[in-house]
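Once you've had a glance at the structure underneath, I'll fire off some questions.
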Amino acid sequence: MRTASIVASILDELGFQLEMGKQVMSADYCMGKPNKEDTEAHYQWALENGAKKEYLEPFKDGYTGIVATLDTKKEGQTIAFRVDMDALPINESEADSHFPQKEGFRSTVPNQMHACGHDAHTTIGLGLATLIAENKDSLKGKIKLIFQPAEEGTRGARSMAQAKVVDDVDYFIASHVGTGVPDGHFVASKNGFLATSKLDITFKGVASHAGGNPEEGKNALLAAASAALNIYAIPRHSEGATRINVGEMHAGSGRNIIADRAVLKVETRGENTKINEYVKAQAEAVIAGSAQMYGVDYEIQTVGEAVSAQGSTELAAVLHACAEESPHIKKSILEDDSPAGSEDATFFMERIQQNGGQATYCIFGTELAAGHHNEKFDINEGTMLAAVKVLFESIKKLH
Amino acid sequence: MRTASIVASILDELGFQLEMGKQVMSADYCMGKPNKEDTEAHYQWALENGAKKEYLEPFKDGYTGIVATLDTKKEGQTIAFRVDMDALPINESEADSHFPQKEGFRSTVPNQMHACGHDAHTTIGLGLATLIAENKDSLKGKIKLIFQPAEEGTRGARSMAQAKVVDDVDYFIASHVGTGVPDGHFVASKNGFLATSKLDITFKGVASHAGGNPEEGKNALLAAASAALNIYAIPRHSEGATRINVGEMHAGSGRNIIADRAVLKVETRGENTKINEYVKAQAEAVIAGSAQMYGVDYEIQTVGEAVSAQGSTELAAVLHACAEESPHIKKSILEDDSPAGSEDATFFMERIQQNGGQATYCIFGTELAAGHHNEKFDINEGTMLAAVKVLFESIKKLH
Amino acid sequence: MRTASIVASILDELGFQLEMGKQVMSADYCMGKPNKEDTEAHYQWALENGAKKEYLEPFKDGYTGIVATLDTKKEGQTIAFRVDMDALPINESEADSHFPQKEGFRSTVPNQMHACGHDAHTTIGLGLATLIAENKDSLKGKIKLIFQPAEEGTRGARSMAQAKVVDDVDYFIASHVGTGVPDGHFVASKNGFLATSKLDITFKGVASHAGGNPEEGKNALLAAASAALNIYAIPRHSEGATRINVGEMHAGSGRNIIADRAVLKVETRGENTKINEYVKAQAEAVIAGSAQMYGVDYEIQTVGEAVSAQGSTELAAVLHACAEESPHIKKSILEDDSPAGSEDATFFMERIQQNGGQATYCIFGTELAAGHHNEKFDINEGTMLAAVKVLFESIKKLH
Amino acid sequence: MRTASIVASILDELGFQLEMGKQVMSADYCMGKPNKEDTEAHYQWALENGAKKEYLEPFKDGYTGIVATLDTKKEGQTIAFRVDMDALPINESEADSHFPQKEGFRSTVPNQMHACGHDAHTTIGLGLATLIAENKDSLKGKIKLIFQPAEEGTRGARSMAQAKVVDDVDYFIASHVGTGVPDGHFVASKNGFLATSKLDITFKGVASHAGGNPEEGKNALLAAASAALNIYAIPRHSEGATRINVGEMHAGSGRNIIADRAVLKVETRGENTKINEYVKAQAEAVIAGSAQMYGVDYEIQTVGEAVSAQGSTELAAVLHACAEESPHIKKSILEDDSPAGSEDATFFMERIQQNGGQATYCIFGTELAAGHHNEKFDINEGTMLAAVKVLFESIKKLH
């Protein structure tokens, strides 16, 4: 909320029209959102940590998306940029060798760190906003900056796409720094994202004393263990790669009690949306069967999801051209189809392409001090300038 | 069929009234019966191996039970004796040290052996029939000899009990030789039989090429493996002992094919009928859940069943008295409640006791050359005489 | 520590000789002891909550056993009483209907409650100590009061037995209130305790990104799930009851990470020590095999253990006689062999009986407001007086 | 043996030099070979079914490979062709619509059918041999025809490669008909074969009576079930596709006996040899761990194996040119890298390429009446002529 309030205040000053919170996020499609209690506590924390109340208010319920629009009032296309803002539950390194520590801009919030570069993305987004505002008279059509929460865990984009924030968009550009692309290199269309579903499974059984009345228990731990094992055994798919993981299991409340509760954190992936749906359906059958085996109830909650996507080559070519003309980019690659992780910007891309628009996901390579999601993650800050410039040039070329 | 036809012919000659085949076996409660093809083949085999056609006919459909009644026409109680006649799928030893081999009465049928003493039981039953026939003028009431098939696997008794063959019985005595009781010893009331269910489980899935289209298969082998593992994990019961076994599993038709068929042979036991029902219900839930996990169909066939039972002390006391008076019995024990295997004579006992009658299961100890179900099983044949005498004396004492 | 310091101060005032802490507990045989940090924190808490420093000091390292001896200096036998003092991690009920709440003696420590009656045991022990001190001139031999920590989880007794605190004992009496025995009833020899082992299992694997490098992980969650399932599948034992439980499983650190750590809390039981050893050995094999399957390391820590025991009938008869003479006891039963939970006083009993002494475990029935380990557990306090009297009378009868 | 003897007699008549049996197959590397008894019975059967004894003799021990060499004695390269000869355990259709049935050339051996086209391959090989023999004066170098047994199950090629039969080869061409390639089309370099291992696993435990002494058994069925489940759970590999299958499981000998024996038929595959080795190693660890869990012994037998391979582009180009010039081929494709099944000709290819030679695997498309391994499999016989011609032309082009 604090980050969103700051972003909103800057965009407001720059003259963008702002839609915020539930205006740009469909509650029905929000996934993995913190509960009410945590949300209120976080609001208080933001207030106590310098957030301006007026800019904090729209995000009070935990819907922290922002869509900032600059309408040039001149005929032209609508171009949108996706910027993600969220951090990760990692303690940032306090080692002297860690540049943000040495320079004093290390995260001050325990167990919260921008270890994937989304702070750089936010900075690039605001830099781009500044250039747009400064040059608005020479621009045409509309420009929309979509500041998205909860990209980590692929939880936020679907909610914004379902709120129709990109339904008027002709060109859509999402971007990311790093991801293994060398410093100064650029990929105009990064494809190969795996479709994914993130599932929280809860089994609810009946506790009983394991020595005294074992036959009266309904064993949620065994249901979960059996589910975990059989979920891993879901068959491969002949049409493309799959992934499956049960990353966490927590069950039971005491050594001598038949466990009446168990939780699994599951993740499925597929080379395309159909394959992921197949794996998810199999996982659901395994879970239902495990529950039936042990006479326990279960609940499956989808707390994150992303589809696969393929960038629009025509739009990618425009970005490629901008990059090749840029003094900040050493080498530009039009398309990279190698397999990648997952990314929920794909929900925007799918929706725009279905509506006849064009969409791409581009990468600005940078030098990394340590890998993404590492406590010593840090980028070459020069990359931000390159990104702002290339993205701004693309607006001009697209008009 | 051949055995039954011989028994029937002897009983007929002795003047007993005979009810046979479906008259004394309820088809609805027959379990684990061979299929039509095997039954017909066996009928042919019996014909070719010396069975008299007239006595074979009643057993043609594979219902091989016999109830032989001698009605003295004098007022009095109805006393019944259960005699089991079936053999086991074991190749009898051809070792010179094996007495039946040396003396030339070893089984001549491959993979069929009286390795549990039921041939001795049949002999005892026919000996008893002879004494009864010879002394019929001095006897009262009715005497029923129940020659039961398929005690092994606990498959035959329920069908005869359901056909109401003991519904007019006041006293019921089942007996067995051996079972660890020393030579010359006698147990008037052997209790502690575990209730049991024998289940054949078939999973039917969908085959597919494991390399080419793994996602198109429905894996019956995995469903069965998962069921087997989780069946063993059924909780203990606080009220008494349980047993569970998956004795056989056969699945699949080729290394590179997702298995579309799997069979499990399962056995549950419980210290009493209620506990066995609990284990069986849990096993059924596990099987249903396993099938659901893998999207396969399943079928559960009950191919054997026995309940628990407790002998009637009053009746046991009569037998105990007969044994103590017998010159053939060195030591008689009234009751033995130690845990034992399973026995489906318990179906007769339960039904008779529910109708107000008395029932017991007695043991004639004998010297064994090797344990029951062993290829060198053999008894001290003198035990048969002791048994005939004690059982016959009990008739006289009960009138 | 606070409880032990109070008990020690009272016993000291009454004139008992005290041995405390490591003097009466063998560090090598302590199981499931809190770590150093928690121990130190608890010591501070005790200091801040009214414990007298001089009496707290002997327990500083977390060894909180006390052996209080009164030597009459007259020839005679050594009689020992076992008193357990520990509480449970349960929040005591704040309901108005809960008597301790209404009367103001509810636990004031969050998540700590005397929900099994060990506070009553401590009170009984101190009452008995008072009577002994008051009557010491009329007594003979030695009397030892063994105040034991950590009976819950069967963690404390073995350590005291190994410290030889009962090696000079001729008669040993452990007692418990409640456990389903009706108010005013007494059981002089409660047998049937199951031998038990409490095992903490840790699997250590290798984390890797489940989408990016699944083949680089060593999956501790799967090893633990497979172990849990197969531990439940350990066969029954023909010689007596067994129990097995995996009460808790906690694994993994993130949805998209191959879990590198998993913990199981396991409990085995057997009708006697040999049967429990069998189950434990099977569980260890399953754990080793599961670890091998997934290439992970594992550690098995025994955090609790108890053997089975059979009370000495002669000693029980003395208690039985005292109870029958007591005006506070309505009905006394000499022996109860029905199956029960587990209790580590059995370590004292076994050692004493091996040395030729006599030992028994007796029960003082009481009215319970709610079952043991329930947040509303409460007893009829009159039971404490009855217990003190009967136990004191037994001393006189034994001399 | 009968097939090999016929092939040998024809090649002998055509003037090829023959090496046969153990001369061309290393016994140490033979996999999944029938046992001695079956081998002798098959030899008798061949004798009784028209095989000439002189040509049968070299294959008597079941090593049925043939290498036929024509040495032109003129300087030049050595060119080898791989021809597989084996059938499948399938009952060929007797339907009137099945062309071989109608025309009278349906398999006359029950449960033996050329359902994959290897009879066509043998015919092509002999046709090629005839052309070579007829034109030997115009040819240079050496030509080797490698008639390989046991391609099904990938059992035969490794043994021949290890016998060094291709160590002097410069160019190696394996070919197959059908496999989905349209009639008249040709693929000069079919790649994408998955590396594979075929494993037979045997678990040996200890039987015991499941009711009487469950604790004395060592349960091979449970070890196998647990292995099956966990084998399917082997992680995916980030560098390429994997496949895993437990196609068959057979365990136990009776419902009431703890199973002392279990067999699994397992197949692993990987997009390349390294990935398959990874899956195989994981499977081996799972099997070892499962055995340890249940205290049973195990044995892993590798009964089939193939590596991955990539055709030599230069050699493929020669074949491609021949095909494009051929009046029998409508369309030729240089390379097809799409994923495919497994093929052990890859052992020859790997060895030749390691020695500096060139190798390729080509496909002659044909019209199929039904898919490979189907009981109605049949090809367009014209394809055989096309294949003979193209392969013969390649010899001329390669010199």
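Observations
So that you can tell them apart, the chains are marked A, B, C and D in the order they are listed, and the count of residues begins at 1 in each.
Rule of thumb we're sticking to: a contact is a pair of C-beta atoms (placed from the backbone, for glycine too) under 8 Å apart; a residue touches a chain by one contact, two chains touch by 3 or more.
Being a predicted model, the structure only gives us computed values, none of them experimental.
Of all chains, the one whose mean C-alpha position sits at the greatest distance from that of subunit D is C.
Taking C-D and B-D together, the pair of chains sharing more C-beta contacts is B-D. A straight line joining the Cα centres of subunit C and subunit D is 66 Å long. With each centre defined as the average position of its C-alpha atoms, the distance from subunit A to subunit D rounds to 48 Å.
Chain centres here are Cα means. That of subunit B falls 51 Å from that of subunit D.
The residues of subunit B that reach two or more other chains are 212, 214, 222, 226, 229-230, 232-233, 235-236, 238, 243-244, 258, listed in rising order.
Those residues of subunit D whose C-beta lies close enough to touch subunit C in the complex are 212-215, 217, 219, 222, 226, 229-230, 233, 235-239, 258, 278, 285-286, 288-295. Touching subunit B in their complex are the following residues of subunit C: 229-230, 232-233, 235-236, 238, 241-244, 339.
Across the complex, subunit D meets subunit B through its residues 153, 194, 196, 198, 209-212, 214, 221-222, 224-226, 228-229, 232, 243-259, 262, 265-267, 269, 341-342.
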